[in-house]
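You will see subunit A twice below: alongside subunit B first, and alongside subunit C after that.
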Partner chain A sequence: MDQVLLQINDLHVAYGELRVLQGVSLQVKAGELVSLLGGNGSGKSTTQKTILGFVRPTSGQILFEGERLDTLSIPEIIRKGITMVPEGRRVFPFMAVRENLLLGAWVRRNERAELKHDLERVLELFPILRTRLNQLAGSMSGGEQQIVAMARALMMRPKLVLMDEPTMGLAPKLVDEVLELIQTVNRNGIAVLLVEQNARTALGFTDRAYVLERGRLVIEGPSKDLLTNERVRSAYLGELSQA
Partner chain B sequence: MDIFLQLLLSGLLLGGVYGLLSLGLTLVFGVTRIVNFAHGEFVMLGMYLTYFLWQLGFDPYLAAPVVFFACFAVGVVTQHLLLRKTLTMPHLVQVFVTLGISVVMQAGAQLLFTSNFYFVRPSYGNAMVEIGNIRLPLTTIIAAVLALIGTALVHLFLKKTHTGAAIRATAQDPYAANVVGIEIKTVYAVTFGVGIGCAGLAGALLAPIYPVYPTVGLAYSLISFVVVVLGGLGSLPGALIGGLVVGLLETFSAYYISPEAKEATYFTIFIIVLLLRPAGLLGLRGSETMGANH
Partner chain C sequence: MNTNTISTRIQPSLQAASLGRTVTLWVIIVGALYITASRLTDEHLVDLMFQIMLAASLAGAWNIVGGFGGQIALGHAAFFGIGAYTSTILFQHYHLTPWIGMLAGALFAALLATLIGAVTLRLRGPFFAMTTVAFTELVRIIVKNWDSLTGGTRGLWIPWEPNPWNFSFSDRNSYLLVAVTLAVLVFSTTAIMAKTKLGFLLNALREDADAARSVGVKATRARLISFAISAAFVALGGTLYAQYSLSIDPTSVLSFDISIQMALMSAVGGLGTVIGPALGAIAAVTSSSLLRGWFGGELGALHLLLYGVLFILVMLYARGGLLGMAINVKKRLTRRFGQGQSDV
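Then we have the complex of A and B:
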């Protein structure tokens, strides 16, 4: 499981004049659970959007299983094995859960027989959706919508899922439930690059972590080491520095 | 009583065609958020196409599917060349672009076809169908039936095909559509094509009933705007319901007030709806209803 899945080298991204990422290099290995931390506006979502092909880098490289991604279109990148659970869940509100899930496999929409299997496999991972298949996604609670969004992202049988603040706005009990589901996904061999607001939560259950500050990576390492890192403790864990 | 029934049926038949006409406008708005001020000009295009196909020996109703696909193609190309770049620009830019298209199409028709009225007159053009004491023109009945079939086919297309699902997904959340790999540029072009196809098809169905001339589109733009405001901007069922309501109002006001009262009636409805229920009869759920109701 040590094979490098995603390799980002010296990535620079700008929106017009605004330079958002200024030399980000990171790595996700197959099956790894990696968190990307940082304050508001530090460039976490932009990093994920650039990986999926929404935003084109001004320079730098994104490699997935050794192949360049940064010239491919979104559907091509999805086909390679990367999907996203976007910030704010973004389910299709006036569609039933089943249609939401099937749209997750839009890129493979013509493989009918296989889609049936994929739907079944995803429902095994998220059994609570089984009885909800005909419910409109927009009528579900925030936590349920988050599960729909995660299930939708798994329909493509991805090797890497990008998750952007999946616990945002959820009640504490639901936060735990969603985090558990992320671990379930990960235990199925799927790598996860997780953006999470709550640094303590993220560091508590991921393998490694990166910390972004104004478009630059300032700290990286095994998550448990970061939990005791002075700078992380004072800036992200709300603890006063002892030094 | 017979007069009332006669007017009621005439109004509903006309309203069915208005429903199809307005479906195109509301679909384009619901998905791309563009209010197409040239919508009526594409009805005009459909009418002229039908006229020339008829001149070549085609029955106008056999020409209708051809006109739909021709207008679909025109819509895709127009979107690609003129509107694609404006999607991220302020709405005012899109308003001016579609107004520009409308002016150019009117002037073009004037140049090519003069301002003469053209009539499509198939041999059965004056045939009447009698049901008891009620007499209805055959052309109006055929137009309404084909318009309803067209409307049903568009709904089926949206509900049952992959492309239809992509259109509904894009209407509900273009960002999420992007996230799952839907090429929303293609979706916008196809949607505009279907919308213009509906306008053209409505034109083909109206051509054996009403004459065509370069500025005829103004009336149809006006009608479709009234219908769409009435039914709720972006609501597909609203287009049909609004179409039927406007068809009835037009027919009844023409009889009980005066045929010239038509436009005054539209504007009166328009203003009353905007005052009392700005969201339309079905409420302003806009594009979102595109997933829910069909």
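Then we have the complex of A and C:
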């Protein structure tokens, strides 16, 4: 199971003059749960957007199962097995849950028989959605919308799901529920690259973590080790160092 | 409004019944329109119905981009003018029948829309709106200054020599029949679009463009197609207007007011719905005609003022437009009397 799924080598991304990523290298192995931490504007979301093809790198490589991703279009990348749960959930508010889920498999829209099967599989994973299929997604609570967004991302049977701050704006109780769902997804053999601002949350339940600061990776390692790392503690866990 | 291809595919039997009913209703409406258009004798009423049909076609065409796509384009006058000028110039310089000139204008408008769209459709909200306004100004300035081709500010006159082959009729009813055909074409296209992939995509893009892209929807392509279709229909309307009014100039076919009218009628009627823009056009044309009749020439602009007030009221109290209001009333009645069907 230690096979490398996603390999990013020396990734540079710039928006015009603004250099957002300056030499990011990271990897995600099959079935792994990895978090990407950092403050506002550190480049976390940009990293994810570059992986999915929203943003083109100025240099560097993104490899997925050994194949170059950084020249492919978004639909092609999705077909390779990467999907995204965007920041702020971003469900389609005036569409029913069923339509939201089916849109998740948009690039495979012509494989109708399989779509039915995929919908069934996703509903087994998130049974709460089964009775809500005809409800407009916009009329659901924030936590429920998060579930819809996650279910939508699973419709493509991805090998890797990119999640951008899935717990943002949720009540503490719901945060725990969402985290449990992420673990459920992960237990199904799907690797997760989780972007989080809340370092304590992320480090508590991921395998490994990377910390980004101003477009550069500053710390990486097993999440457990980072929880006790002095720099992480003072900068991201809000604990004053003892000095 | 939320019916779409994918669920249609999954529940074909459920949708088939209501589809059959919709088609039947549509055939009845279209038949009634054609019969009225050919039998109507009162010149004034024929003119009124012509104005409504043309306005409805324009609003319906705008609605494809502005309503379904949620992209507030304010430059559709450009396509209207391009349609009017293309067919008229081709007729006067090359004696090409306006029937073919009409198609040439539509093609030209669609082509320009694709070029402009490739650049501007990536822009969001107000930026997109502003560039479409600028585009119209650009077209207007070119037309105004290319005197030898367009007649400059004086515009072009179309001699009235009735000959059906040259899109020129001795009676107004024939023009009206063409207008009805255009409206039927626009609204049939919209209705089909709303039920198929393109409509579903535009819907998703309007609701959340980034989310749609993140699931692999090719946003720009869907929007370009809708923009081109919309522009082509508006250009057809331009030719129809030119042939009917027998004269065109930059003010009558390329002014900002025309772009605004299309957007307003669509919004007042019901953005992103199939028949909403037609309701908006009926409301706009009849009210302005009545008001003009009541208040005469001195207060000629009054209808525009009242129309502005109506628009503000709709935006404040009835975002779904006239159609949305009608649906709400129907829902309330159904709830109160516990009967009727709730499909709209």
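One rule holds in what follows: the second predicted complex is superposed on the first by the 242 of 243 C-alpha atoms of A that agree within 3 Å, B and C clash if a C-alpha of one lies under 4 Å from a C-alpha of the other, contacts with A are read in each partner's own complex, and residues count from 1 in each chain.
Keep in mind that, in the parts below, a residue touches a chain if its C-beta (ideal position, glycine included) is under 8 Å from a C-beta of that chain, and two chains touch if they have at least 3 such contacts.
This one's a predicted model, so the numbers in the text were calculated from it and none came from an experiment.
J.: Taking subunit A as the common reference for superposition, should the pair subunit B and subunit C be classed as clashing or as fitting?
T.: Subunit B and subunit C clash in the superposed model.
J.: Between subunit B and subunit C, whom does A:90 touch in the aligned arrangement: first, second, both, or neither?
T.: Touch status of A:90: both partners.
J.: Going by the contact rule set out at the top, does A:75 touch subunit B (first), subunit C (second), both, or neither?
T.: Touch status of A:75: both partners.
J.: Quick one: is A:112 in contact with subunit B, with subunit C, with both, or with neither? Answer first, second, both or neither.
T.: second
J.: For A:52 in the superposed arrangement: first (subunit B), second (subunit C), both or neither?
T.: both
J.: For A:5, select first, second, both or neither according to whether it touches subunit B, subunit C, the two together, or no partner.
T.: So A:5 meets neither subunit B nor subunit C here.
J.: Of the two partner chains, subunit B (first) and subunit C (second), which one does A:185 touch, if any: first, second, both, or neither?
T.: neither
J.: Where does A:98 make contact in the superposed view: on subunit B (first), on subunit C (second), on both, or on neither?
T.: Touch partner of A:98: subunit C, not subunit B.
J.: Based on the A-chain superposition described above, do subunit B and subunit C contact any of the same residues on subunit A, and if so which?
T.: Looking at subunit A, the two contact sets intersect at 52, 54, 73-75, 78-79, 83-84, 86, 90-95, 99, 102-104, 106-107, 109, 136, 152.
J.: Would you mind writing out the residues of subunit A in touch with subunit B in their complex?
T.: By the definition above, subunit A touches subunit B via 52, 54, 73-75, 78-79, 83-84, 86, 90-95, 99, 102-104, 106-107, 109-110, 136, 152.
J.: Provide the residue numbers of subunit A that touch subunit C in the complex, in ascending order.
T.: 52, 54, 73-75, 78-79, 83-84, 86, 90-96, 98-99, 102-107, 109, 112, 115-116, 136, 152
J.: In the complex formed with subunit A, which residues of subunit B make contact?
T.: Subunit B reaches subunit A through residues 162, 165-166, 168-169, 172-173, 175-176, 178-183, 288-292.
J.: Which stretch or stretches of subunit C touch subunit A in the complex?
T.: Answer in residue numbers: 1-2, 4, 6-7, 9-10, 197, 203-204, 207-208, 210-218.
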